[in-house]
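Chain IDs A, B, C and D follow the sequence of writing; residue 1 opens each chain.
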Amino acid sequence: MSHYILKVDCSDKAGLIYHLSEVIYQHGMNIEKNSEFVDKEYDRFFFRAVISGDVDLEKLRFDLTSMLPEDANIALGARRKKNLVLMATKESHCLGDILIRYHSGELDANILAVISNHDSLRDLTSKFDIPYFYVSAENLEREDHEDKVKALLHEFNPDIIVLAKYMRILTPSFVKPFAGKIINIHHSFLPAFIGANPYKQAFQRGVKIIGATAHYVNDDLDEGPIIAQDVVGVTHEYGWRDMQKAGRNVEKIVLSKAIDLALDDRLFVYKNKTVIF
Amino acid sequence: MSHYILKVDCSDKAGLIYHLSEVIYQHGMNIEKNSEFVDKEYDRFFFRAVISGDVDLEKLRFDLTSMLPEDANIALGARRKKNLVLMATKESHCLGDILIRYHSGELDANILAVISNHDSLRDLTSKFDIPYFYVSAENLEREDHEDKVKALLHEFNPDIIVLAKYMRILTPSFVKPFAGKIINIHHSFLPAFIGANPYKQAFQRGVKIIGATAHYVNDDLDEGPIIAQDVVGVTHEYGWRDMQKAGRNVEKIVLSKAIDLALDDRLFVYKNKTVIF
Amino acid sequence: MSHYILKVDCSDKAGLIYHLSEVIYQHGMNIEKNSEFVDKEYDRFFFRAVISGDVDLEKLRFDLTSMLPEDANIALGARRKKNLVLMATKESHCLGDILIRYHSGELDANILAVISNHDSLRDLTSKFDIPYFYVSAENLEREDHEDKVKALLHEFNPDIIVLAKYMRILTPSFVKPFAGKIINIHHSFLPAFIGANPYKQAFQRGVKIIGATAHYVNDDLDEGPIIAQDVVGVTHEYGWRDMQKAGRNVEKIVLSKAIDLALDDRLFVYKNKTVIF
Amino acid sequence: MSHYILKVDCSDKAGLIYHLSEVIYQHGMNIEKNSEFVDKEYDRFFFRAVISGDVDLEKLRFDLTSMLPEDANIALGARRKKNLVLMATKESHCLGDILIRYHSGELDANILAVISNHDSLRDLTSKFDIPYFYVSAENLEREDHEDKVKALLHEFNPDIIVLAKYMRILTPSFVKPFAGKIINIHHSFLPAFIGANPYKQAFQRGVKIIGATAHYVNDDLDEGPIIAQDVVGVTHEYGWRDMQKAGRNVEKIVLSKAIDLALDDRLFVYKNKTVIF
């Protein structure tokens, strides 16, 4: 029996759950699991259901569209393995964690390629038989470099692009065509320490806890919708490199958590925030 | 406009959410918030909704009963402030935390009384103008002591009985009439260190993390359904009294969390586990 | 047998531990516990020891001064119960937590007074037989209000001033005479969300974790040396008031931790950071 | 300039720090970092120092031995890269994490070999050019299988043996010659859920937090000295496989932490507990 994921968000009104479950029921589908949330501030309704059964997807989509408010976003499709492209620079801890989880089958996705602005991670990537594309930024205008990367991304057409410690700033024109598809790991507990060298900033400020943040990338650097965050305690004995080392574990865990949520279609973005079911 | 809380658990079958939301909709009620969960292992469906509107409660309850499977438990009632009786022995940290939250209005409940087998906490309790009942166990058989406490509890007839470090074992015959109403805080990360002196046990074992567990009390000491747990790190520098001190903060936070969940009717108990919405 | 606490910080050089322990040994004192740390960035040595025995304090201080570098800060004194003055505004969770711990004897300190710019917490404070001073800021210039508070503080001459949710900004001229004595609890995970309404800021930003920070107060609002921090997870279901409620538990725990460290003379401040033994 | 690590534990007496630092000073060595702890319950003194300089190790060891109590354990040696042998069965998350950290240079050790009772992890191991020894237990008495493994271990003579999810019980006679050298990761928050299938046990008990424990292996299964522990929250939505998946992240982090501590000679074992500097 096939499984489908239905995601809806629309302006709130009375009876939405009733009407949604009615349509699903009338199509003979079973709701395996569903979650709802109403954002009272914005009067916005969010709904996600895993449904099973034999279905005429087009008909179901049509009936849902007819019933829901005009401003509704409806995503409906068979549960399937997603395609990823990973981007990284020199640090291997996040990339490595993803590759190991891919190798063991724990990561429920296909990895199509790794793209990097350095050649350092080719060896690691090759061990897992994944194509590695070294796109040097040397002697290139930012725009020209991004065009080359963009061309590769368009070729692979992934569902999700993971910035696994890709240490170059992306321009809005790069990000735009992949809106809602790029997940970044930021090595700080956003919004603290935005910008460069967050561990040095944290060390300088004398904080007692450091963290990491996985977020969708939008036009504003470090300002995209936050997906997951976690922290780890530090003491005065930690120099900034010790903080960096301690932070690596948090980074890889947080990034993996965000990727898993995206792969399972559990994320909604609205008003620069995420709703997570 | 009035708010009601509806809790249902029953054997799972197709269409339950549809039929539940239909009945609610037909009564002209609005679903403010709802949550569902299906325990696949036991094929059990759990549902909680906050609904608002003008309603004929008897009629709604009747319609729900008619529609739901025979084994359904249905709880439906106006959202209201619950009545608590607290029981404690000598330690003040949990009792004090509850009293402070009561005083500030943060604890959404009435505290009817504090019952203790010692007189030590009378002074603290009196500060908050709450009746204090000292029921000494001296020279009494366990059963006779419990009868005296039970008489008080029956008199006050609370919605929830909170064992805020009540350090006497309760017999099954005491617990029985208050099934599903007694919440205890256990000073360990259950099921580790059941029994007496868990901090000494933890110290002896050389653990690096200690914890606390809030749970419903049933016949089996320390074996009731777990509501909330939390932990705190310790090191070799902690003697057992240091662990105890560190644990107190966790105990009071965990107990308060469990009480808040119970006050808001967010807890289901099934097969010695809790489902929490 | 008496216990003393010795705290030293000075520029680092070889043999400091040897020479320190030699002087202590020659005075017939026993080192019960000691800790050292060298800040390599600033070449600064930090040392704290709990020592016991019968001692000529003046002589010991003289010998230490003779032996240590000229830039050494030496604090040496009998371990003793410290005097606190608490300052608060309207929220009771931090004040209440301190008062309960004071009542139970867990807080190893004398509380001399509570000073507030509102009268709201008088009732709570009075329950614990602690003088309450309501210093209204109405119709007063900031400076005049601060003068009144300052007069009270000078009268009580506390070892530590705890801002237990005192919601007024303190000017540098107020802070100056109490340098290194004022501990504040900030309701965010500094340096994130400095300034007003951090929970609203956190809600707006859509963070998944919120926190609290206890720090020494210096001239720069929210920029003083951090003593302790902790966090708690939140979800999209949390409005800013829910975040605030969740944050209260963290605030009181973090503040209590910082107070305990200060009461036990475990804190050093250097270059706007703390070293904690 | 060379760095050495000195570890001492002995019965406590007055002046130990003074005399230790005196001997070190007289040898012209500089103390880069030192830590002490006295276990008051057992009157045991623990000391670890990183010292630098040119030294006659034999002479220093002799002088230390002469000065210290007879029951002293003294470990003194140049700071050096340690040799590891890893043992695993089928699960790759811990092994993979170690290999990635090895590849990036973050793990400060040589990995000499991976030994397994299955062939499943050969592919992963080979990617990192590390010899893989498949020692099948099929048709072998437990003792005979252990003899084969033991022979390999004696051949490689590693400083530390890491059980990275090695799912066979080791007999006391196997463990004995490697006392204090074998680190295991146990997939529960010990001492909860000792024995088989801890995630199933945890699921059955309905806990709200699961954890992992890294510990030295001794004669008693799951009873060795605990090195590191950590936890992660779970809900009623987690089946036991979800708990297992969530637990994997904790397991790899906790094991890596324990390995790093051992590689840096920061661990003492005494009375079945660890002291960690």
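Operating definition for what follows: a residue touches a chain if its C-beta (ideal position, glycine included) is under 8 Å from a C-beta of that chain, and two chains touch if they have at least 3 such contacts.
Predicted, not measured: the structure shown is a model, and the values here were computed from it.
Remark: among chain pairs A-D and C-D, A-D carries the greater number of C-beta contacts. Taking each chain's centre as the mean of its C-alpha atoms, the one that lies farthest from the centre of chain B is D. Centre-to-centre spacing of chain C and chain D amounts to 37 Å, using the average Cα coordinate of each chain. On the side of chain C, the complex with chain B involves touching residues 91-93, 96-97, 99-101, 103-104, 106, 124, 127-128, 245, 248-249, 253, 256.
Residue ranges on chain A touching chain C, taken from their complex, read 37, 39-41, 189-193, 205-209, 211, 225-231, 235-237, 239, 272-276. Within the complex formed with chain D, the chain C residues making contact are 14-15, 17-18, 21-22, 24-25, 30-36, 38.
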